[in-house]
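Below you'll find the structures, each written out as structure tokens.
The following pair of complexes shares a single chain, subunit A, combined with subunit B in the former and subunit C in the latter.
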Partner chain A sequence: MNDMRLIDRAVDMKDIKFSARNVQVYYGTTHAIKDVNVDIADKTVTAFIGPSGCGKSTFLRSLNRMNDTIDICRVEGDILLDGEDIYDKRVDPVQLRAKVGMVFQKPNPFPKSIYDNIAYGPRIHGLAKNKTDLDEIVESSLKRAALWNEVKDRLDAPGTGLSGGQQQRLCIARAVATQPEVLLMDEPCSALDPIATAQVEELIDELRSNFSVVIVTHSMQQAARVSQKTAFFHLGNLVEYGETGQIFTNPVDPRTESYISGRIG
Partner chain B sequence: MTDASANNSASGKSSLLVQDARTRNRNAVEARFKWYGITAIAIGCAFLILLVTAIAFNGSRAFRQTFVTVPVTLDAAAIEAAEASMMKTSQYRKMIEAALLTEVSEANIETDMDAGKLGDMLSSSAPAQMRDFVLANPDRIGDTVSFDFLTSSRVDGYLKGRVTRESLANDKNLDAAHLDLVDQMRDIGMVEKRFNIDFIIGSDASEERPEQAGMGVSILGSLFMMFVVLFLSLPIGVAASIYLEEFAPKSRWTDLIEVNISNLAAVPSIVFGILGVAVFIQIGHLPKSAPLVGGLVLTLMTLPTIIISTRAALKAVPPSIREAALGVGASKMQSVFHHVLPLAMPGILTGTIIGLAQALGETAPLLLIGMVGFIATNYPTGPIDGFLSPNSAMPAQIYEWAKRADPAYYERAWGGIIILLVFLLAMNVIAVILRRRFERRW
Partner chain C sequence: MSDQHILSAYDRDLEAIQALVMKMGGLVEAAILDGAQSLETRDVELAAKVRANDKAIDELELRINEEAARCIALRAPVSKDLRTVLTTLKLAGSLERIGDYAKNMAKRTNVLVEMREIPGPDASLRRMAREVEGMLRNVLDAYIQRDAKLAEQVREHDHDVDQMYNAMFREFLTFMMEDPRNITACMHLHFIAKNIERMGDLVTNMAEQVIYLVTGELPEDSRPKADSTSYISKVD
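Moving on to the complex of A and B:
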């Protein structure tokens, strides 16, 4: 995983998963996201970068309507998932969130056993017909999150007893277990040490084969390492969006260039 | 520039081994503050010790009562005559007095009192006790049965040091000669002070018979009230707090409700009492003095406490848990009931038990709905009777005893407080145990 791989990142843009058109997000009277247009491809890692407070997390959270839980938050414009408007009146956000899973900044396992952490999503969505099914889902999810070998002997142990990096991978396994189509990650490595970060990054790269992954990150190196597409946000605007290689080596907008080279942000 | 650095520049170098004036001053302030704290705690502890010893000293005497052992021959003819007469117990009284006189003279205790005067040292509950025994055991008629009768509260008070010969000078029930007899009867073991279970399980008695009064019926009254409070205030309180904390939109209306709930917690309990009279008794036509009404009034009083503590417990659950549940596609309801509520459970239980304990010790609202001053002499016949028939409650019973004239009742009020405190202590222990059991770290 190093910058040398930037060259072989041709992305097939045929399958568009998310399509955002003229999206505005307001917190009360604050205009947090201004007129964002973006197409997020399937089976691709898309990174959102930008300085703190630029709105990248806000935009990410509007993709699975997590912002609904904030009373003063208001979203305008269209966000289409596979061509359907997720803010349509008929859409139940609970159903949407089963399709669009989320991993948070701080690892937040439930204070239950490792097994129950993974099994919770499949249980409430009725994904497993019986105990054997559920066991299989738990095993495959933990394997996908590269955690199986470390925890297979103590599935009854509390999830909160794991190390920080293991907890974050447990949360990823939990998100994967509900079989989402898109995985949103809000700075998933900001609370982890470099070794755990490397493990999670490797994992993200593998997840790309099954999901569309959208990751918000503060670390430009991380964006360069794991993503194929990068979007640069600044003061609520989507300044530039393109191939990761192009953004980092040959940015079009002067603001992107200043941020990448460390002059702003 | 600070003083310290000014000193440094003046003297060139300062030694770490010598404290400068500013550091000395700061340390002195800190030491002084520590002493203030220790003094405050010491004063608090002193008051607590004073309170506990006063209660233990005054109250423990109520648990022991003076009994006189009298063998009475259950003469069939006399009993038949007594049952046929209008004043049944006075006939039984004559039998007991005669037996007592015989017993005293057989013990070679000299007295010039007649049987009636001698009988003044017995509690007026003695004839009823004997009659109850006869009615319950008709096959024992003809035998000689040894009864342990309660002595009058003055004899009991004499053995406890409350009554002296001087204080009996103006007493028309008992005089100093009785006390001389009591001294001799005690020497031969006829009169004895021993543990009196009836104080805990018995019922209240009339003003003239303090020796017979017990807490039992009012304990039951309190328990029936607590059932009402628990089964109403816990579900209502928890449902209200979950809605306000997790579901309610933040609007002017919910703000108004929140402020009012907080204010309700500070409303004097007597206000809830008068509300209970107006709503439950005058409009709702529920029976007066009933534990059901008492429970309803105390529910109103306990609800704000439970709502406030439940909301605090829900607030203390980290929001990341809610996000995690929503993130895997749980509904709001699932996130609350599967994850938030179990984590808030210890806090909710603690708040509920504190609310119940508060309700258990509350007297003022019971004054208004007539649960004070009522003499609860009969046990309820069943659960429905327990909720609906007039009764008292522990604190109300204590208050009632404390305002009666006879000093023997004063002693019982202290004893009642010990029983009340034991119940409160038990509830607190339950709260601690439940909290330990449900507590989960994350």
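Moving on to the complex of A and C:
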């Protein structure tokens, strides 16, 4: 039976982008992530949910080595991106982060023009041969982030002058400008109103055709709306990982059930 | 005012559920017509087909229930989106029941093949079935076009089906009194007539659901019931 819905929601686990094996993360003596094994599919939106302090952000940050900046943080186990260990000594974290982009909770545009916000990454990574190239990258990135029409006449205006929702889309445009393969988003909508949130969610759904997107969110409804796969973290453990529809209609683990139905915090 | 959600996947979900209902409706329409034809022409093969197709109808109902549950869980629909999902569930339930009645009509075809012929009722039953199928078609149109007026017309139309059933009820009583050897066949035929009349009632319920979907309120006035056979004690 031909079914639009299932085609739309179909999860194709054949292409695995990230593969985490026995991952442990410690902050000093605190064991923040306990033996997490997970395969994150390509061209799929994967949501991490769980109560505060459950380790979802920590795990997300370990996917592009953002935890390297924290001295007391230690990561064990293997995290493979396309089969290659990202914690290998030969991997340059800067190059890795060009491949694995990140969008944060609060929009954090550079105190530069809208144009320069987008152009910064491609410039330092040498992705543009000349000005025309760069113009093109800026335009296509802003279009992808559904912001082009709103800012095309004022690319020289400061990025910080945009509204919150526009700033967040600017940060997403900035993240996609380096042509990453994976986009990590840590609560990208928590500072946005419902309309801007819906716009960002629509954007995430569109980005899925090109990237693998991993999103951490406190809003279970957001996870339900935008993701195809959902992982539930609790006390540093990955409790359950599965197709989003299954997680929200018939979770296997009683802890998942309790959390998503609002019975434990 | 836009009819579309910012999150376009939401629209695709809702459209897909409605497409499933329309598909189910199409199968049920075919079941009614084929069931009635198998009866009139005593076509055992066609009857077998109707019975086999009922499985597809039942499966679609399960699918719709599942998709609607997913939609409620994942999208938390409100307002007219919520009514769309709730209505979808109810319509699927009614369609499944109508499908069962059509299957029952086909089942009795097999029995009636073995019996002496009663002149008249077959054509009337088919007419009645066509009437109900037409109502169903209109109610599905009303659903997809959000046309409360059309739904209201369907609701009023049920009167005609009830009248047809009343007439047949009396007819069967007459046949049975004329010759007790007609009783078995007439009992079967009467059940078929009653089932078609019930289909009409279910279609009417569907029409009321569509009115709820469009306006947010169920029609308050009780529908004029024209099935008076509950009060018949003897044939005049």
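Here is the rule we go by: the second predicted complex is superposed on the first by the 257 of 265 C-alpha atoms of A that agree within 3 Å, B and C clash if a C-alpha of one lies under 4 Å from a C-alpha of the other, contacts with A are read in each partner's own complex, and residues count from 1 in each chain.
Note that a residue touches a chain if its C-beta (ideal position, glycine included) is under 8 Å from a C-beta of that chain, and two chains touch if they have at least 3 such contacts.
This is a predicted model, so every value here is computed, not measured.
Undergrad: Which holds for A:Val94: it touches subunit B only (first), subunit C only (second), both, or neither?
TA: In the superposition, A:Val94 touches subunit B alone.
Undergrad: After the superposition on A, what does A:Arg263 contact: first (subunit B), second (subunit C), both or neither?
TA: Neither partner.
Undergrad: Given the superposition on chain A, which partner contacts more residues in subunit A: subunit B or subunit C?
TA: Counting contacted residues of subunit A, the larger count belongs to B.
Undergrad: Is A:Met66 touching the first partner subunit B, the second partner subunit C, both, or neither of them?
TA: First partner only.
Undergrad: For A:Lys152, is the partner it touches subunit B (first), subunit C (second), both, or none of the two (neither)?
TA: neither
Undergrad: Touch check for A:Arg74: first (subunit B), second (subunit C), both, or neither?
TA: Neither partner.
Undergrad: Is A:Thr249 contacted by the first partner subunit B, the second partner subunit C, both or neither?
TA: second
Undergrad: Quick check on the superposed pair: does A:Asp205 touch subunit B, subunit C, both, or neither? Answer first, second, both or neither.
TA: Only subunit C; A:Asp205 stays clear of subunit B.
Undergrad: In the superposed arrangement, which partner chain does A:Cys171 touch: subunit B (first), subunit C (second), both, or neither?
TA: After superposing on A, A:Cys171 lies in contact with subunit B but is clear of subunit C.
Undergrad: Looking at subunit A, which of its residues have contacts with both subunit B and subunit C?
TA: none
Undergrad: Residue numbers of subunit C touching subunit A in their complex, please.
TA: So the residues of subunit C touching subunit A come out as 5-10, 12-13, 15-17, 19-20, 63, 67, 69-70, 73-76.
Undergrad: In the complex of these two chains, what residues of subunit A are touching subunit B?
TA: It comes out as residues 64, 66, 69, 71, 94-95, 97-99, 101-104, 106, 108-111, 120-121, 124-125, 160, 171, 174-175, 177-178.
Undergrad: Which residues of subunit B touch subunit A once you look at their complex with the stated criterion?
TA: Spelled out, the residues of subunit B in touch with subunit A are 249-250, 318, 320-331, 334, 338-339, 343, 440-442.
Undergrad: Considering the complex alone, what residue numbers of subunit A touch subunit C?
TA: Per the touch definition, subunit A meets subunit C at residues 1, 3-5, 8, 195, 198-199, 201-202, 205, 221, 224-226, 244-245, 248-249.
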